[in-house]
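Written out below as structure tokens is the structure these notes cover.
Chains here go by letter, A, B, C and D, matching the order in which they are written, and residues are numbered from 1 within each.
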Amino acid sequence: MTSNLAIKNNDSLYREYQYCRGVFNSLTQGLSAEDMVVQSMEDASPAKWHLAHTTWFFEEFVLKRYQPDYLPVDPNYRYLFNSYYNSVGERHARPLRGMLTRPGLAEVQAYREAVDADILTLVDQPHPREQGIADTITVGLHHEMQHQELLLTDILHALSINPIKPAMRGELQIPANSPVAPLEFIRFDEGLYDIGANQVGFSFDCEGPRHQCYLQGFCLANRPVSNAEWLEFINDGGYQTANLWLSDGWALCQSEQWTAPLYWQQQDGEWRQFGLHGLRPLDPGAPVCHISYFEADAYAQWAGARLPWEQEWEVAAREQPITGNFQEDNCWRPLAGSGSGLLQLYGDVWEWTRSPYAPYPGFKPSAGAIGEYNGKFMCGQFVLRGGSCVTPIRQIRPSYRNFFYPHQRWQFSGLRLANDI
Amino acid sequence: MTSNLAIKNNDSLYREYQYCRGVFNSLTQGLSAEDMVVQSMEDASPAKWHLAHTTWFFEEFVLKRYQPDYLPVDPNYRYLFNSYYNSVGERHARPLRGMLTRPGLAEVQAYREAVDADILTLVDQPHPREQGIADTITVGLHHEMQHQELLLTDILHALSINPIKPAMRGELQIPANSPVAPLEFIRFDEGLYDIGANQVGFSFDCEGPRHQCYLQGFCLANRPVSNAEWLEFINDGGYQTANLWLSDGWALCQSEQWTAPLYWQQQDGEWRQFGLHGLRPLDPGAPVCHISYFEADAYAQWAGARLPWEQEWEVAAREQPITGNFQEDNCWRPLAGSGSGLLQLYGDVWEWTRSPYAPYPGFKPSAGAIGEYNGKFMCGQFVLRGGSCVTPIRQIRPSYRNFFYPHQRWQFSGLRLANDI
Amino acid sequence: MTSNLAIKNNDSLYREYQYCRGVFNSLTQGLSAEDMVVQSMEDASPAKWHLAHTTWFFEEFVLKRYQPDYLPVDPNYRYLFNSYYNSVGERHARPLRGMLTRPGLAEVQAYREAVDADILTLVDQPHPREQGIADTITVGLHHEMQHQELLLTDILHALSINPIKPAMRGELQIPANSPVAPLEFIRFDEGLYDIGANQVGFSFDCEGPRHQCYLQGFCLANRPVSNAEWLEFINDGGYQTANLWLSDGWALCQSEQWTAPLYWQQQDGEWRQFGLHGLRPLDPGAPVCHISYFEADAYAQWAGARLPWEQEWEVAAREQPITGNFQEDNCWRPLAGSGSGLLQLYGDVWEWTRSPYAPYPGFKPSAGAIGEYNGKFMCGQFVLRGGSCVTPIRQIRPSYRNFFYPHQRWQFSGLRLANDI
Amino acid sequence: MTSNLAIKNNDSLYREYQYCRGVFNSLTQGLSAEDMVVQSMEDASPAKWHLAHTTWFFEEFVLKRYQPDYLPVDPNYRYLFNSYYNSVGERHARPLRGMLTRPGLAEVQAYREAVDADILTLVDQPHPREQGIADTITVGLHHEMQHQELLLTDILHALSINPIKPAMRGELQIPANSPVAPLEFIRFDEGLYDIGANQVGFSFDCEGPRHQCYLQGFCLANRPVSNAEWLEFINDGGYQTANLWLSDGWALCQSEQWTAPLYWQQQDGEWRQFGLHGLRPLDPGAPVCHISYFEADAYAQWAGARLPWEQEWEVAAREQPITGNFQEDNCWRPLAGSGSGLLQLYGDVWEWTRSPYAPYPGFKPSAGAIGEYNGKFMCGQFVLRGGSCVTPIRQIRPSYRNFFYPHQRWQFSGLRLANDI
């Protein structure tokens, strides 16, 4: 699991497409049609909607544009399964995605199959605009992988609301708890660094352009903060101490009555964590997970440290091999890291950085509807780096920028400490 | 379809139970598990929840109380499927009913079957508390019938939110439009009348005690207001004329931007109505339907009339046979009435009265949890009378009091005009 | 303080107008311009707004209609100071009344003086439409008295929000606590009674028409429920017992975290009550006050009784002289009642009845804008009877119907128990 | 008006204190006690509250800490007039600041006088902790100046809600419209720049530490965007074109129905702008004002440009003299700029930058309660630079960072375009 998705010719594109689109089928094992239709909050989407929307992407941006005389599977789908592309027209209101009992799951699966057949036929033949097709399909597959992760985080949220706390499916393997490496800080020098995606392989527009950036010297923790460490924060009154918190974070902490990460609950004095495996005892060495930016920042304050800038993270991470606990491992929960050196930069948990999600110097959005992919979200969100235990590994690069609002907690989000020198 | 449900002995109770519980199976034909899990608004409940909650009623109030050593099908159901009975304990939050993807539909159906088998066994044998069992089952069957109607109104609402406007199922028969009887008023004398349920047959606690009531002379329209008449109100600016409306109604009319009954929509200058048959042209002679109390009252003002008091309706209705367009007719939309005399007091549409839902003189709620059934809702709601095209006929009596908040529109609610002499 | 306002000719109308309009000046003693501009919640209005709106009433409905060539004091006032009269046109949004820092208090006082001078001139001269003028002014004076009470209840609410809990003014007399009469029930026979205003003296349209009503036999408590009795309800867990409450009331009790009447607070284990005199120890014998309908109804349940119907109250009250603790007594808090027979039907606290505010049989709203006065509020509210310690005595009649929503608590509202025989 | 506030010894501190605290008296001319008590939205505070809170700052952080045996003017004020300092304890809820009719304006003015007398006495004498006192008073005076600006923006908002659209006071001078310089872009080279406050003179903690930053080459417009240019944006459909907007901005633009800057209104086809002078015709050459970050960003997109980074602005501005249209000019509205070179970097309007308000590298908040001043707001806000026509000039430095949420519009906020080279 060390290679990134790199699409070089139509033959590999054909196989990549088949592989990537097929992953969804394995992800939804154990889910009923009922599980897949509901929407548990506005931030989340139904699993069926993920299946349909990712298909819509290929129909709208590939088939309708590159296949002559293409007839849509259903003309309503253009409206129903658009997420936020204004240039594709009006769309179904986001908070009502969970009301779409029709088309049913079987129809959506048939939609996937029909579009897949057409795409594979298209890819299999010479085409005067072959490069455009390949480029758009490549974006579509990376988009697909993002939704594969969201499907799991959204299902987790939906199940968490159910008072009977069901596991997503029975057979998920649960590794034994393992010891965690002691916390250390690793030092990096000040200097001018190149930041952002280089031109080799796929990257999203927001990862570039590559540019120079001056960084002061800094230290980075060797691993993410663990559940055991987070318990110390809780027990030291971290959730009751205003001065540790950003002002908006403190207001939210009080109004939402936060006392622990999302999905933690105390039963008979013992902490348990709800996950795709159901409700389980906390694994002390595993990275803390399902925390908001506000909590991450308060913890760093409490620990006498700070969150890293995304550039600092990137400088450290690009020297590391992309290995770790990813979706393909089928574990789907963060695990304790052991060993020496920088650990777990990739996989396990997304790491909140203190960098607001902003354009890099010289950033220009891609042309056309795909230009709505990133730039228009550059306001009010913070960057997370590194991927999680439910992220497809082929999606991850050192330059990959994930982003969420500081109050959001339903992703597999954790933190790694940093410090000035 | 003229007889009311009257349960006289265990043999008929056995058959009534079988019949009534079996109706749900026919109602849900054409619905998928997806259709049956979602909740489209707080007022509505998922179809699956209706199936489960009505079963919960028999398990909680009959099996747990009368069957020695009864083992619950699942201990979680006590919590999950309680609607509002405080004396049965805590319960799942109403707005989250649509999040219960588990237990799945098949499990809920198995729950129904298990409880039904136990109930029928219980009924089939001598029991020292036979009368208590029979009384509670009778309440449970009337409760079941109320939820049969709600299942249809709630599914209608859920489908109405779907932009593709699907029909509930294909094969619903659609009678041709028919002419409507001309509007006439029928006169009733002032005097002391007995109001409320007599002691023959089943009735809910709120329908009694029977008591004397002095009524001034009044007139009652021979039939409900029709769609064609409602269009005149619309075209005369009824929805834009403040002085026709109750103050709270006018505020709501403006904030919700009401311009027509719920489920009406204008397309290319023509009005269409969404129903269980999908989106269809308006039937001019059919009773107007899916209106709030506020709209009914404004219409009556505009028409120089008023809504009847529930006592007036009851005085008129108890002389009429209980026949009409009910759920059993499988038409499931109101139809134009023709003929002479008082028409359509029963069936087609519930008729808003101007009577706030209040206790009758001397009213005492039933003892125990079943006492939570009616009395605690006697605030802020208005009484509707007569039943609708989706009401089971066996549920209807002249004394039957239905009640909803004045802003609610998703029931098959219409109006009949009245006047002082 | 025993006579009601009865206006017989222009001479007395002149004096009544002078007297009634002058009362506002004495009420606002001790209030600053700052006190008088703010609006503490949507239900309440600023004191300055009360002064202006009551003046607007006379300008709009008398001067503009009956005085030829009348020039408005300021054309903006038609818009600014209209409360809810749709037929007078658009108006300033109710929740923004507290933003009207301009016109300032001095300008509003000048507005009052200008209109008063014109009205008195008009009244002092023969006029071809003399009766219309007299009738409208009479309505205006009763309207004025209603706002005199509201000014005090609204100021009380505004002061209650201030953490320093200021008294409205220093010199309010505080009578010593006195013993309260023991609770007794007085019996009334069933029968046909005449209900509603007779034609002697002024009454609002909603008090009539006088009509026959059949009442079952009933008992009425000799006095309102006292603070001491209410404490028993609290101490017996009344605010924590779901089954005592109406369903909507219980939801509100929980979401608002009610544990006592409005303006009660516990300090060092002792209950205190905030009033126009500031924060004071609870007077055990005084009638409980500032309770919602929901609380009143729950208390009655707890006490094994019920609230009276408004007709029962009226039958009892019309045999009693209109005396009691009213606004003119300058005490402005309810006092314990002693003596024998029916006590405190008038004054001290408004008494919630279980009667929804609905039209009497044959009710027709008055013509014109004044027809918006009552009828359009006949939905969702409950009737209170008898007047309070801040009600002007001249406003009260046995047939007088006050009405508020069941959740509202900022009026001087209490309860008297009733029972079936 | 070119010198910044620089406090060198106690003598100048004494004079600075007297001068700065006296400014508030001149600002509130023309305001009534009523104007000064109300709060028109949660973001704004009452003028009286500004007077009290700035005084509270000196009482809490200077007198209570440095004056032995200091007796507070009123112990309630610690609670009432704390804004957001958690370390000073609980405080009055922000949305309720407008309910504080007591203490009245006269009491608050007496509070100011009492504290001023004590502070001046303290400053006038030798003190063992003289430097601490001087430093804290200096912070307090800069805090005072910030509230002087807020008082004017908050009063403007409160008056804007009044349907009669009153001017704040009559005598404000209104300069004639003047021509505006043509738009040009001025070029700056890439390179490593020092950013942030140097150690000479006062600055807030968030302005430092001074640090190196690598900037790509950029262009900056010679002046802010004008009203005339903004009209082109409006007329070109800028407020209706989704693709120009950030996603959150577009959602807000639609839900709030924005069609123009705050305080603009169209009357008979002509645009007018409400300001402290009342409702006036738009001055075409004056900088556009009262726009949100979202609008500024959408405009820049439309114009084929971008907003500057705050570092770019600082590099350009530190070469310019601090002159411009500031509060002391008593004009209180932005004016057209003419001439050559970089114009209006200081004064007229705050300029939105695209920089999220984030800590500089190495930032540490000040110790103690004053450390709550800036750092805890570093989330979700954007930096504005340069000061406005209602900012005291002595408050402005090249390194000064103002910050607001991207949706906020009630400040005098405009924009200047930038571009990559």
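In the analysis below, a residue touches a chain if its C-beta (ideal position, glycine included) is under 8 Å from a C-beta of that chain, and two chains touch if they have at least 3 such contacts.
On a predicted model such as this, the values are computed, not experimentally measured, just so you know.
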item: Maximum centroid distance from subunit C, chain identifier (CA atoms); value: A
item: Centre-of-Cα separation between subunit D and subunit C, whole angstrom; value: 47
item: Averaged-CA centre spacing for the pair subunit C and subunit B, given as whole angstrom; value: 38
item: Interface hub residues of subunit A, defined as touching at least two other chains; value: none
item: All pairs of touching chains, each written as two labels joined by a dash; value: A-B, A-D, B-C, C-D
item: Contact set on subunit B toward subunit A in their complex; value: 32-38, 40, 48, 76, 79-80, 92, 96, 98-105, 158-159, 161-164, 166
item: Touch list for subunit D against partner subunit A, complex; value: 84, 86-87, 192, 211-216, 242-243, 245-250, 293-294, 297, 354-356, 358-359, 361-362, 372, 376-380, 406, 420
